[in-house]
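Encoded as structure tokens, here's the structure I'll be asking about.
Labels for the chains are A, B, C and D, by order of writing; each one numbers its residues from 1.
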Amino acid sequence: MDIKVNVRESEGDAYVVDLAGEIDVYTSPKVKDAITELIDREHYNLVINLEKVRYIDSTGLGVLIGGLKRVREHGGSVNLVCTNPQIKKIFDITGLVKIFGIFDDEQSAMKALA
Amino acid sequence: MDIKVNVRESEGDAYVVDLAGEIDVYTSPKVKDAITELIDREHYNLVINLEKVRYIDSTGLGVLIGGLKRVREHGGSVNLVCTNPQIKKIFDITGLVKIFGIFDDEQSAMKALA
Amino acid sequence: MNPAPAASRSNGVVRLEIPAVAEWVAVARLAVAAVASRRPFSVDDLEDIKLAAAEACTNAIQHGPPNGTIAITCEVSAEGITISVSDRGHGAPLGTVAQERIGDAGRTEELGVFLIRALMDTVEYTSDVRNGTQLVMTKRISR
Amino acid sequence: MNPAPAASRSNGVVRLEIPAVAEWVAVARLAVAAVASRRPFSVDDLEDIKLAAAEACTNAIQHGPPNGTIAITCEVSAEGITISVSDRGHGAPLGTVAQERIGDAGRTEELGVFLIRALMDTVEYTSDVRNGTQLVMTKRISR
């Protein structure tokens, strides 16, 4: 019922945010803080890895959307790695598949940033 | 939150009852039925494999104790296979370790029946 | 609609009350999922129910009165589950919220109520000054 | 005993009501475990709390009135958890039950109350004709 957040630098100024656990109204502020800090440090190309996320609610989606909006103002983008069918379904239902790049593995998500 | 019960014949007239899931006040009647049926068919040497049991309560323990009492009347015995530390702890606390043979694997439990 | 035979499974009602605080939403969604999992819902449906219940609690926290509690009632039957989520707030003009379809740009606002409507079979909001806001939603067991 | 600072985690009270029927005990034990897991209990302690709560519900089903409900209240604080389990039955002379130690032969009867006492830090039964049977038990967070 908790979230683990890990931020690491990757190739060509891109950053990866690894999330593991459940993103809900209680845990999403922690995710928001990590993304906000990266953007404040002027990193605008982000991969958010949701492979180990078992659950996400609308507040979690809101945090991802907020991050995307901010990096776009700087010509950046947010790509997601997501394999969990239930979570993919949420992105489908909400039409967020049209907004985010969603990839099956980190390598593809990274490549698509460039 | 459910229990799976599988009964199979083994060497030398012994029977193995494989249990998987959670044994509580709701599911223990199913376990009791399987054990009762074996005893009614005059099988008095039983190995009950709890390796895949994640949870057991006092009604589950009661079913095992009831089975043991009945087979003993016929010179039989019930050996348990149990590796889950939480479940072992319950057998410890209740002193049931002194009544049941409790083994780390099926082979040892089987050997000790003889 | 005849009474169930005595030996059949009970059409149980489970009530839960949590503080209207983010920390406790996880307890509500696990409890609701546990209630639903006593009936033959698919894994997919169970996840839908869990998320819808959580969204309702999140809304009660974000739009209900501060320091309040949230009352959740789950009723299961052979047909499915009915979940009600209530807070003591005055509510909002909820009748029209989140009925629209997704535009070309995808949906980025009011995702909570939108998800509830998308995931459940029926959703009904009632809201008045005396009784607060109540959301009643149902999910049928698919065969 | 001073009021907690506003920003600290709430000392939450979660209430649950289930039908006094075997099928629903799993919901109660999962909900109680979910509440407790919001505090830094060890995995071992969480399992103890879960089993003790379930045993209390099982007793309410087996010894409480038929067709009743069971009320479960969980209150967490920085120190630990207090769980109360009540049914509307007249109870039994519970004061003396299951206080004895395990003999050489191990224990084969009245395992439920015995386990509750063994797993929790404090256990108190009250039982009267008017209010039914209530079990209040606590578990401290060990440091």
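As a convention for this text, a contact is a pair of C-beta atoms (placed from the backbone, for glycine too) under 8 Å apart; a residue touches a chain by one contact, two chains touch by 3 or more.
Keep in mind the model is a prediction, meaning the values are calculated, not measured.
Chain centres here are C-alpha means, and the one lying farthest from subunit C is B.
Of the two interfaces, A-C and A-D, the higher number of touching C-beta pairs belongs to A-C.
Look at where the CA atoms of subunit C average out and do the same for subunit D: the two points lie 27 Å apart. Look at where the CA atoms of subunit A average out and do the same for subunit D: the two points lie 41 Å apart. For the pair subunit A and subunit B, the distance between C-alpha centroids works out to 48 Å.
Contact of a single residue of subunit A with at least two other chains is seen at positions 1.
With touch defined as above, residues shared between interfaces to two or more other chains in subunit D number as follows: 23, 26, 30, 34, 38. In terms of which chains touch, the assembly is arranged in some other way, matching none of the line, ring, star or all-to-all patterns.
Contacting chain pairs in the structure are A-C, A-D, B-C, B-D, C-D.
Those residues of subunit D that touch subunit B in the complex are listed here as 22-23, 25-26, 29-30, 44, 47, 50-51, 54-55, 57-58, 61-62, 102-108, 111-112, 114-115, 118-119.
For subunit D in complex with subunit C, the residues that touch the partner chain are 9-10, 12-19, 21, 23-24, 26-27, 30-31, 34-35, 38.
Contact residues of subunit A toward subunit D in the complex are 1. Looking at the complex, you find that subunit A touches subunit C at residues 1, 22, 24-26, 55, 57-59, 61-62, 65, 86, 89-90, 93-99. By the touch rule above, subunit D contacts subunit A in their complex via residues 34, 37-38.
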